[in-house]
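Labels A, B, C and D are assigned to the chains in the order they are written; within every chain, residues are numbered from 1.
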Amino acid sequence: MNKTLTSVTEVPVKFSDVDSMQIAWHGIYVRYFEDARESFGKQYGIGYLDVFSHGFMIPIVHIDCDYKSPLKYGDTAIIEATFKDSDAAKICFEYKVYSKSDNRLVAIGNSVQVFMDTNYELYLTIPQFLIEWKEKYLK
Amino acid sequence: MNKTLTSVTEVPVKFSDVDSMQIAWHGIYVRYFEDARESFGKQYGIGYLDVFSHGFMIPIVHIDCDYKSPLKYGDTAIIEATFKDSDAAKICFEYKVYSKSDNRLVAIGNSVQVFMDTNYELYLTIPQFLIEWKEKYLK
Amino acid sequence: MNKTLTSVTEVPVKFSDVDSMQIAWHGIYVRYFEDARESFGKQYGIGYLDVFSHGFMIPIVHIDCDYKSPLKYGDTAIIEATFKDSDAAKICFEYKVYSKSDNRLVAIGNSVQVFMDTNYELYLTIPQFLIEWKEKYLK
Amino acid sequence: MNKTLTSVTEVPVKFSDVDSMQIAWHGIYVRYFEDARESFGKQYGIGYLDVFSHGFMIPIVHIDCDYKSPLKYGDTAIIEATFKDSDAAKICFEYKVYSKSDNRLVAIGNSVQVFMDTNYELYLTIPQFLIEWKEKYLK
């Protein structure tokens, strides 16, 4: 049984994030997910620059988000990013977004990333550095 | 058998849309979908302002996107938005994004919107104006 | 002689902020300035919601920014916002952006905001709440 | 006496561009200016890719914008970009933004770009390709 790795990131809802319905625009959540991935990457040594140093880029190939409840200006989003282990050459995260003011669940989402080398060729086997990272962090 | 309504929108990939992998940032596609919904709304008389004039807001409750191939700076995204008819009180679109330069399929996605009145209360039956709109456009 | 009020805000440069020149896109600095104004507003009780509670909106009427040096992905922007006192019915800020990694000055800018009531009418005299705020914080 | 080169670009105000004051967010104008520069570049053969093909990048070193009147959702921005000739190694544009619905002047702004080679070194003399471009277009 592997460990579950989660990072928690707080992002205040900014004036420019709010749309004319007075709620955080739905597209902002893609940035929240990115913020959460970056926090996770920093915390567990698997950020974009770490991955790039091993010769890989990790473009997004899938995003989904279900919106449960709105965030308003003045509120703060708490984004939990959980690494979903996979046997494929993919990096999968699940996200849960909460409102800090009242702990409401605001949104749930997922992302999938693949490995591309610096010639933009898709890499179909799990890179060695990720195998070692999983060995270190998930076991 | 109902008609299928589709609008086609062209959006050039801008310098500020491109990330450090030299491709259109994945979050931009949420804007492409919004651009396509707005074009659809203008073309078929069901834009945000039309809907608002009937006393409703239509917040997004679901977004997904699968990325098939990258868009580069200098290219133009062609976004097809197709109205997916539903018996529920929802507005559903499917999106296909193509690269104008070579007709490559770049991404596929979906959105779901619900009806909220101006008191931010969810509306669980199909509003009369949408029934009439469907009668006019889909039959 | 009045006091000088300054707030200091840190914002990491995110992947989606970086353009194809591998540096923070110039338009992001307008968001940095907004982030800094929001921090200032929270710290000194003069945020958008405070102002709105007095019956005013404070739209931006001027922005300028001089870029001195680039910010890269992985770096963090430190934004100093300083309230520039004025006899006119305006709110003026000066911004200095530094790179956290090496304390380089990255950009200098300014913003000017005016007062509008909730009927979108420009307000040409300094609102009473701002006079009281200045009395409390600047003297 | 040199010719004045101007391009005209139309950009609809999108739902996600509008803030909670129901007007186009001030930061969007930086994107309008960029859109206008790109249109100008395409029209007169001096876009980012043209410049890059000569071995140069042209980062922004100055932006300013004065906001005269708001743009609302449903309106369309018309952006005029005018090339301001300069004896320095700089590319300067002036922008005028109008509301399409009533021809109101909405904003005026400026940008300044400098030349950097691909080693990120500032280039202090006017590149030969720009001298030739001016000869062709401005005389």
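Here is the rule we use: contacts are C-beta pairs under 8 Å (C-beta built on N, C-alpha and C of every residue); 3 or more make two chains touch, one makes a residue touch a chain.
Everything quoted here is computed from the prediction, not taken from an experiment.
Chemist: Where are there more C-beta contacts: B-C or B-D?
Modeler: The greater number of contacts lies at B-D.
Chemist: Farthest from chain A by Cα centre, which chain is it? Let me know.
Modeler: The chain farthest from chain A, judged by C-alpha centres, is D.
Chemist: Indicate the whole-number Å distance between the mean C-alpha point of chain A and the mean C-alpha point of chain B.
Modeler: 24
Chemist: Distance between chain B and chain D based on Cα centroids, please, to the nearest Å.
Modeler: 29
Chemist: Distance-wise, how many Å sit between the C-alpha centres of chain B and chain C, to the nearest whole number?
Modeler: Roughly 34 Å, centre to centre.
Chemist: Where does chain D touch two or more other chains at once, residue-wise?
Modeler: Touching at least two other chains: 15-16, 27, 31, 34, 73.
Chemist: List the residues on chain D that touch chain A in their complex, please.
Modeler: It comes out as residues 15-16, 18-20, 22, 25, 27, 73.
Chemist: Provide the residue numbers of chain B that touch chain A in the complex, in ascending order.
Modeler: That would be residues 21, 23, 26-27, 30-31, 34, 57, 59-67, 70, 120 of chain B.
Chemist: Please give the residue numbers of chain D that touch chain B in the complex, ascending.
Modeler: That would be residues 12, 14-16, 31, 34-35, 38, 47-49, 73-74 of chain D.
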